[in-house]
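Only one structure is covered here, and it is reproduced in the block below.
In order of appearance the chains are A, B, C and D, and numbering begins at 1 in each one.
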Amino acid sequence: MNRKILSMQEAIAQFVRDGMSIVAGTALESLIPFSAGHEIIRQGRRDLTLIGPISDILFDLLIGAGCVRKVVAAWVGNVMMGSGYNFRRAVEEGIPHPIDVEDHSNFTIALALHAAALGVPYLPTKTALGSDLPVNHPGMKEICCPFTGEKLLAVQAIHPDIAIIQVQRCDPEGNAHIWGNTGITGDAARASRSLILVTEEIVSPDVIRSDPNRTLIPGFLVSAVVEEPWGAHPSPVQGYYNRDHGFYRDYHEETKTLEGFQKWLNRWVKGIKTRHSYLQLLGEDRIQELKVKKEALSAPANFGY
Amino acid sequence: MNRKILSMQEAIAQFVRDGMSIVAGTALESLIPFSAGHEIIRQGRRDLTLIGPISDILFDLLIGAGCVRKVVAAWVGNVMMGSGYNFRRAVEEGIPHPIDVEDHSNFTIALALHAAALGVPYLPTKTALGSDLPVNHPGMKEICCPFTGEKLLAVQAIHPDIAIIQVQRCDPEGNAHIWGNTGITGDAARASRSLILVTEEIVSPDVIRSDPNRTLIPGFLVSAVVEEPWGAHPSPVQGYYNRDHGFYRDYHEETKTLEGFQKWLNRWVKGIKTRHSYLQLLGEDRIQELKVKKEALSAPANFGY
Amino acid sequence: MDIERGIENGKLKPLNLPVAIFHFQVQYMNYTLPELMVAAAAREIRDGEIIFVGTRLPLLAFALAKKTHAPRAIGFFESGIIRDTPAQEVLYTMGDSPNILGAIQCGSTLDLMGMMQQGWVDAGFIGGAEIDKYGNLNTSYISGKPPPNHPNPGFIRLPGSGGACDIAALARRLLVIMPHEKRRFKDRVDYITSPGYGTGRNWRETVGLPWGGPGAVITTQGILRFDPVTKEMYLASNHPGIPVEEILANTGWDLKVASDLKETPPPTREELNFIRAYDPAGFWTRG
Amino acid sequence: MDIERGIENGKLKPLNLPVAIFHFQVQYMNYTLPELMVAAAAREIRDGEIIFVGTRLPLLAFALAKKTHAPRAIGFFESGIIRDTPAQEVLYTMGDSPNILGAIQCGSTLDLMGMMQQGWVDAGFIGGAEIDKYGNLNTSYISGKPPPNHPNPGFIRLPGSGGACDIAALARRLLVIMPHEKRRFKDRVDYITSPGYGTGRNWRETVGLPWGGPGAVITTQGILRFDPVTKEMYLASNHPGIPVEEILANTGWDLKVASDLKETPPPTREELNFIRAYDPAGFWTRG
């Protein structure tokens, strides 16, 4: 029996510990591992460092739930609606407790993880020169090109303790197919010391091997495989379900106050135990509405010889 | 009418000029644009700089034909058989004329093109430290990490004038699908100032759009699209034809002497005008033998919503 | 306080602006302010250009430009998408499924950012919470730099850069869309998230930026551009019905006005038809 | 002169070695020298390891190890392929179609090299034209550094590094396969294409290499390993029928011999069955 296949509860219990650094939300608005985030909250993890480009509301949610000590990100909020109120409360007022923030841009966070994936301590760039991002930033330093002498910004490598990555399908070893925008997922997977894969479905190894060019994550990087249909809701998973825009809008409205957020958290996270209950709460009608309706299959590629 | 679609003769005449630097053979042993190389020889280009990782016999052939002034590569020879005799004759004896060589490793040439693709003047690495590759190399310098102080090798960006890239299929704009090993193709395409795409077949834009994750080269990078079935022979094109091992073996045997090479060159390149004649020379039996026999289609991915 | 949201928002959460300015009556047609801004933004895209498309109104502006005067424009989306056709449905985020179906390439953020760093991107769109007279943008911290010790109630934390800093640093031309209010148009921003022209003139060269800088700022009241020498922002056109005095009063420095000041052309019937068909619920454009 | 080809070659072009040594008669079975070397190389792969598989004999050694004692080994191929099963047919190059069909990932050279630079690769296989007593390898220039002015007839130009320098620099353990001849086993190589232990002891650390170094050199005459302190190469086992004296005579320095010198175990019946079924034409293994 394959030992990598775990329930979400088991995977978070075994691989996510207090104080760890976690990279998540690496495909930007798509494939955000919300289900894993909810379980982290339910298991009461503390002092986490969250790493990622924009995370939509995932980071805001974890911050509000008190799991987070530090955020290393380019953007924290609600992409469609604007502010993340928990992020604001934490940074502006120390509620539920103060957090540290290391500001990045999407490119610098991509480069920091790319550096780690490549096994070098830093990478040079021209972005963010002239901005205030590098000011007092421990992971950014101005340097000169050894060939041209031009000014460059060195961005230090970031090696997260764990990556949590949502995919469309993988085999029991965690060899994973992803399609649609991949953002910084490949580098995040290679940069991290361990990896929890959350998959819409576990498929036969033959399906994965039929198209090795679609494999973004090879199984040897993967510590745990969690089969969790709808694990990314309310974010979209191409070919499985669409983005639940209303859910983000409601979150925005309902989390403006601390009390509102607590209510939201109890309803959607703390008051339920599994993704199954979450989907029941979401309701069959909504699920049917979000489900992919049209088929638009990729043209085949022949790997035969 | 799409102006990008040209015959090989037109594409080489319009886009490859004496003295240019050309990156080719970027997928390593597969998808080598031999047909383009033959046309470059027929059109008598001179003083070219060839850039690439291993190139199998493509670079050896161009060197022997007198087209080359400089080679920037990790390896020049015949992968299955060993030496490239034209490369040896040129470097050791200046026949047909002397050439310069800038030695790279596969990783340093990949990094040089990656740097150019990323738009930075160099990238740091640990490879080749302690080797003689960096000694007197204009594109390699030892540096220290600005964060850790550790020794690193800076590899300078290489911006080829043109990339010549063989693919399985593309649309008339040059949006191209490639599968199998891609080597350093993506970075080479983005690093170059222009690009000739040699494709086994031009397909409808709908085929390409049906699977945007398989697009390795977006059409706006492409200057010319040449539809040239069997353009990569004797190298393999996954799903179209297999490697012609015997052809490499014969090349090895027949090019040991300069006279032998001249004979080979007249037979396979100079004595014919088009790829069509080349295939006739190759013969129907051999083509049937090399042609892909088995179908092994990729599992579909649903891009619908 | 919703200062960071501003105009790039929609029906479901009305803008923090006087309702009156949302509904114009001009001679021949009705249009909303966001519709005017989308049309103005679309016109900044030239045919054949590569556009780094930011979130919110730029998503519409890119689609509109493609359908009107710039059919050969190409869109880069920071999540890794390249399109040469607009998505078939209105987008709420660039990661929405319709933005992936029919793309010419779906890949990585790094590849697209790398091409922008090479100079491939002709123009990029971003929004801003604060801007100053040299076009520097702040979407990070209002009323002060990040404090060394928390908690500090003296500032507002905005979402941050996302890709904005990168687009501002690396696109050949930066296009900004934002609400025109005095508190947002400041002599000097509190924090530079996305560099404009710094302190003016050749500042970008000095700090190591290879090219670029803001080309246009499309606001709720007009379109502003930059002096080619001093790099100071000036008013190039005022929107129909907005007096110049009102714009000056809503700007936190002594804003210069173009000697050939024009009125922003209203959206055409064709533009409006497209916008309304594309965003039928009016999430982005009905205010 | 075919010095750069050596043992990693096959039937179609016989090796530049005495024919006699290709056909052993041991007590119970016949096998060829390349078969012995493939079996010895396969045994250097431990189960579950990630192996950077070089071209030629290593292609067979990886397949053999997978089918025997290392079913969970994973192969990296520098063209961008990752496999956890051997290719279904014998490979002449790693880019052959059978190496792609059934791979778990096909991607880029950079990603695999990057993972090796991170330390993911447990062992990598390369060949060599020249090696010295600290395991430094030369596959670039024989008899002199590259000359400042050409033409210079005083040296032989070999194909170069390919991925060899990278594997030697970045794999946790380097495995070398090459012919054992005096002209190839030199006190000091003319040019270091692929760094071994440099001048011995902690040289790798000094030059900035993070780990690694040669673990075994499998030759046509024996298996050589390295002193853990001095990093000097020594003879660990001689192949059946090859006297130690012959090996010493074929080595260009005063080669040390292990106090517990063993005889290289011949290939087992199972190993031979696999090799012969996998390479039925004997391109790599019949000599």
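By definition in this document, contacts are C-beta pairs under 8 Å (C-beta built on N, C-alpha and C of every residue); 3 or more make two chains touch, one makes a residue touch a chain.
Only a predicted model underlies this, so the values are computations on that prediction, with no experimental measurement involved.
Chain centres here are C-alpha means, and the one lying farthest from subunit A is D. Across B-C and B-D, it is B-D that has more C-beta pairs touching. Averaging C-alpha coordinates per chain places the centre of subunit A 37 Å away from that of subunit B. If each chain is reduced to the centroid of its CA atoms, subunit B and subunit C end up 42 Å from each other.
For the pair subunit B and subunit D, the distance between mean C-alpha positions equals 27 Å.
Per-chain Cα centroids separate subunit C from subunit D by 58 Å.
Counting only residues that touch two or more partner chains, subunit B has 118-120, 125-126, 150, 152, 179-180, 182, 186, 213, 236, 238, 242, 292, 296, 303-305. Each of residues 81, 97, 100-101, 106-107, 110, 113, 117, 170 in subunit D touches at least two other chains.
Viewed as a contact network, the protein chains fit none of the simple shapes, being neither a path, a ring, a star nor fully connected.
Here the chains touching each other pair up as A-B, A-C, A-D, B-C, B-D.
Those residues of subunit D lying in contact with subunit B across their complex are 2, 4-5, 8-9, 12-13, 55, 77-81, 92-97, 100-101, 106-110, 113, 117, 140, 145-146, 150-153, 155-166, 168-170, 191-195, 198, 203-204, 207-210.
Within the complex, the subunit A residues that touch subunit B are 118-126, 139, 141, 143, 145-148, 150, 152, 154, 156, 168, 177-180, 182, 203, 207, 210-211, 213-214, 236, 238-240, 242, 292-305.
Interface of subunit A with subunit C (complex): residues 27-30, 53-54, 56, 73-77, 79-84, 87-88, 91-95, 98-101, 103-108, 110-111, 114, 125-133, 135, 142, 150-153, 179-187, 235-236, 238, 242-243, 245, 249, 252-253, 292, 296. Put simply, subunit D touches subunit A in their complex at residues 50, 74, 81-82, 84, 97-98, 100-107, 110-111, 113-119, 170. Residues of subunit B that touch subunit C in their complex: 116-120, 173, 175, 186, 190, 208-209, 212-213, 215, 218-220, 303-305.
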